[in-house]
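Chains here go by letter, A, B, C and D, matching the order in which they are written, and residues are numbered from 1 within each.
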Amino acid sequence: MAERLTVSIIGVTGYTGLELLRMLLAHPKVDIAYLTSRQHEDTAIGDLYPHLAHLNLRVTDTDHKDVAKDSDVVFLALPHKTAQDVVAEMHGHCKVIDLSADYRLDDLETYEKYYHVPHNHPGLLGQVVYGLPEINREDIRKAVTVANPGCFALLSQLMLLPFAGAIDHADIMAVTGSSGSGKSPSEGTHHPVRSHNFKSYNINAHRHIPEIIRTAQISEAQLNFVPSSGPFVRGIFATAFVRTKDGAHVRCAGDVYDGHPYVRVMEDVALANVVGSNFCDLSFRKISEGNYIVQGVIDNLVKGAAGCAVQNMNLMCGFEETEGLAHLGTVYP
Amino acid sequence: MAERLTVSIIGVTGYTGLELLRMLLAHPKVDIAYLTSRQHEDTAIGDLYPHLAHLNLRVTDTDHKDVAKDSDVVFLALPHKTAQDVVAEMHGHCKVIDLSADYRLDDLETYEKYYHVPHNHPGLLGQVVYGLPEINREDIRKAVTVANPGCFALLSQLMLLPFAGAIDHADIMAVTGSSGSGKSPSEGTHHPVRSHNFKSYNINAHRHIPEIIRTAQISEAQLNFVPSSGPFVRGIFATAFVRTKDGAHVRCAGDVYDGHPYVRVMEDVALANVVGSNFCDLSFRKISEGNYIVQGVIDNLVKGAAGCAVQNMNLMCGFEETEGLAHLGTVYP
Amino acid sequence: MAERLTVSIIGVTGYTGLELLRMLLAHPKVDIAYLTSRQHEDTAIGDLYPHLAHLNLRVTDTDHKDVAKDSDVVFLALPHKTAQDVVAEMHGHCKVIDLSADYRLDDLETYEKYYHVPHNHPGLLGQVVYGLPEINREDIRKAVTVANPGCFALLSQLMLLPFAGAIDHADIMAVTGSSGSGKSPSEGTHHPVRSHNFKSYNINAHRHIPEIIRTAQISEAQLNFVPSSGPFVRGIFATAFVRTKDGAHVRCAGDVYDGHPYVRVMEDVALANVVGSNFCDLSFRKISEGNYIVQGVIDNLVKGAAGCAVQNMNLMCGFEETEGLAHLGTVYP
Amino acid sequence: MAERLTVSIIGVTGYTGLELLRMLLAHPKVDIAYLTSRQHEDTAIGDLYPHLAHLNLRVTDTDHKDVAKDSDVVFLALPHKTAQDVVAEMHGHCKVIDLSADYRLDDLETYEKYYHVPHNHPGLLGQVVYGLPEINREDIRKAVTVANPGCFALLSQLMLLPFAGAIDHADIMAVTGSSGSGKSPSEGTHHPVRSHNFKSYNINAHRHIPEIIRTAQISEAQLNFVPSSGPFVRGIFATAFVRTKDGAHVRCAGDVYDGHPYVRVMEDVALANVVGSNFCDLSFRKISEGNYIVQGVIDNLVKGAAGCAVQNMNLMCGFEETEGLAHLGTVYP
């Protein structure tokens, strides 16, 4: 176990990269080595992001091999497809936490079906550990490379986990804030529109579905998944209507999540309770035999991305799982 | 059929009353007689609402009998319970459109169960017509007194109507903006909180449930209804997961709503498409045999309240159903 | 004076064009002839804008000459520079209301300095009437072609008008909502950023400055103008600190605006009072001799663009100035 | 100098108290002793604030003497007037940082004029150090009791400081988010209104004025101060138009703020750059001789309240001034 770690972020300029940076700067046991971006050849970070003007850090386009050589842990905040080769190049040279979708699925066919691109390193799919601590904690501790879950996928899995194997059908309506669409302006994130709008997209076709059904032990046909976008910036609020099979055993959520520091099982959830923090709050309501309403909230950029990645780093490197993750958001309920 | 109508609003100072006033001012065939409020004894409306400073109108506490005597149509924008006696007093003396909940249900027991108050005029329950034009148009034309639907109820009914009689179970997640809570400040509508929050309330216990199940021809046990509040001001966005009974006949939504001027059946709905207007947009997706996803949007204060009330007035008084209702919102998608 | 008018919008697909359409649809005495856009070759408007799906209107790329021939009034909602030739082509063939900046300034040099493009029709600059009814009402009544004011410019002029000729120096801080940036997504209107941001831009270099100083009868050096963008969609809120010359005569604002239907002089202004309406609300505070604080609010898309254009149309065509402009916004204070 | 400190918050349940708690929990060298509130007699903090459900902390109504006895530093987050006696009671028994207004002014008459209440401990006014580190750093290091500045006042002082003694007149327009109004719902913070509104209040009568003029070395008559409320939650954005006296010496802002860790002098400021952080960003523009435009931004709850208080604690207790204050906000520009 290290006393301190040297860490780097590849692809620091997107929202996930910036959020990772925010969180790593608050971590008492890490030092930043490289912050890289292909678009910037050695630029003071304050020139790109004035809110970071006080930091003596530079964004560079350093070669990935040099990054790997000089870092204990490298975070990849790259688009899917791009990350395929970078992970393959780094795997085994340093600890890698990949926040893209490229190694989340262990099945080549499913990957290619949902992401519409071939995978250059199918042999590596089975070697990367799926980085959902609440399910894979022990494997993550031993992992060399970890694939961080998708944000909708992480929340939905934690909502359905107590029902795994017992589900007849589940219908999920999940709404995310605009930060989920990343930092590139688009019609869907144009302020005059998004400020008053609410709509769904990719119904039953969202890429996070295979992660969800794997954990819930259901088929695609047993899940309706309605991703939606709402007029706010951060967070996901999800509601699941779960029907269980006759006589199936549903585990007590309180038991399932006992000892997991970032899942709070509560009577009611509210988005503002988790924005800015690494918590996933969940509520479970039994309406009648076999009929449940489950709700959950996370900050999509924290527990749904950078916070979970830091939690994984802590596990992989022998730190306390909660090290550097105590911060609360600036949004109060 | 009148050429012009003289209309009054009892309880003008709440959001529903103000929205009625906004719409009636834009109606080419009505003149305002009285705008009443118990709290204001003859006050220029601009002194209460500076955005109306240009209007030569006064808010008074005129006796209801005088209002009835001098008005062709009276709109009641009062809290439930309060409206019970006022409707009884006015019924038959002028046309009445009651926007409260007091006469929406024809069954005394259901009313008292959901509203936790006795009803002083149970005999009148059966005489008031439920003012949902898409279901009751002909009865509304002949009605003396109409009960305007609840906002969640109106939208949910229109979403489930094509499935009426064929539903095994339906699960609805519906989110409303903060204007739905009225004009009195409260914790749930405190700007620092509401701006970032999303939560549900009154799950399976909302007062609009009996209106919904009556139209959908289901029992309480066949419906999960999750009312939620989101970080926006106007509108309701609802998603229904509908499972139909084996072999049950589902009507084609396009047919059901053909000729209804304020229902638009679309491939996809978006909240911003209807904010400020009287439209209800609906989408119907058949996922597999017996498995449907239905989504709908309305402006809670227009189609969900004042707009539907004006539509009812038009029907009751022999105007074109769409008279004075063409305005679009100032929110563009 | 016409009983009814046939009107067209050239460039209907931007926010100004759509707002014009919204307002003209609510005008009782106009019929729409053409809605044109260079990008769309005969498309149902509902295919472009689902919120207009109920309208039986098409967007076409009809030749401007045909538009002029078949229209009593043509509204141009084109970018500056593009409008130069279109106005020149149409001038005299029908009444034209140009919402671009191309003919707002009567001085070629000033135009070219602020807009950084040459003007193809300098001879026409003096023939187009500046369309600010509160200053030019009688000229507008007789005008063939009118140039609609800029939004910041309109509000600032109305704030400074009572001080015209008496100003020593004026400092204006004016903040606009995101709709002022138009419908093209950009970094400044990216929802995750804009929702929490507030900043200024083009300080003392904004293109609306020459319109303001012409009316206020001051030089550039006597004005500080700080345009700012705030985290809201619609409206402009402006504060002016006005110092008058020793002994200069300041007119009473109440007198200046008496009889102007869309200016309300109030003790206090609030943005929500005017959003969605054609009103400009103004407050004037004399702090001490020669020291004034003036505040004003408009909806940038209504009084600051489409509403003022309709007001101009009414004047040019002999209608009541207020015809079709009574609608109030859906935002309540 | 202590290795660690034991700290308490009196009045933890308001927004300032909660923000202090958030920041102190992130401080590596403090332990929480008491969190008190008169309204709660020994309640788990998670029962009051579900977002804090994971914390093993209680809110109590512990006697102030016991709090003082067991704490190295006590933060007072009480309303003004209430804090008068509590400060007097605690002064000298432990270090006290008072976030109320009661000891900000050293002049009894000015206090009573602006706050409309008598002061019970006028003799103490001169003994409490004004806690603005950028002005009083050395006095704060030696202070027993510190009065934390008002949020508008802090920002305005830092904007005007380089001009101190040289100002002919200054006009400030400063807009704050809704969190500035505290946690009690009111008309001005009702979500349906505040979401779209922008208005000013207490023009030239705000209680923060005497703090500003003292530092800027001007009289009330030389300042116009226009406090405003905008449609956002956190932060203050201020614009000052500063006219200096003929020939007066204005200091270089870069020099003035050199070595001050939480003031960044930048070409342009933007609110989102500081939300959630302890930074005050400032820009200074010389327009012409004697004519300056200055803009500044802070988070009203951090640098404008709790962050500055922690900065003061660090100074008073011999910690690094920046200890525990490195966190950045979750809002990215």
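Here, contacts are C-beta pairs under 8 Å (C-beta built on N, C-alpha and C of every residue); 3 or more make two chains touch, one makes a residue touch a chain.
Predicted, not measured: the structure shown is a model, and the values here were computed from it.
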| item | value |
| --- | --- |
| Chain D reached from chain B - shortest hop count over touching chains | 1 |
| Most widely separated chain from chain A, with each centre as the mean of CA atoms | C |
| Centre distance in Å when chain A and chain B are each reduced to the mean of their C-alpha atoms | 40 |
| Distance between the centres, which are taken as Cα means, of chain C and chain B, whole angstrom | 36 |
| Approximate Å spacing (C-alpha centroids) for the pair chain A, chain C | 46 |
| Residues of chain B engaged with two or more neighbouring chains | 15, 183, 192, 195-196, 232-234, 268, 270, 272, 275, 331-333 |
| Residue ranges of chain B touching chain C (in the complex, touch as defined) | 15, 18-19, 22, 25-26, 28, 49-54, 183, 233-234, 261, 264, 266, 268, 270, 272-277, 279, 281, 299, 301-302, 326-333 |
| Of chain A, residues touching chain C in the complex | 15, 177-179, 181, 183-187, 189-192, 194-196, 232-233 |
| Chain D residues touching chain C - in the complex, by the definition given at the top | 171, 173, 175, 192-193, 195-200, 203-204, 221, 224, 226, 228, 230-235, 237, 239, 241, 268-272, 275, 285, 287-288, 291, 293, 295, 297, 331-333 |
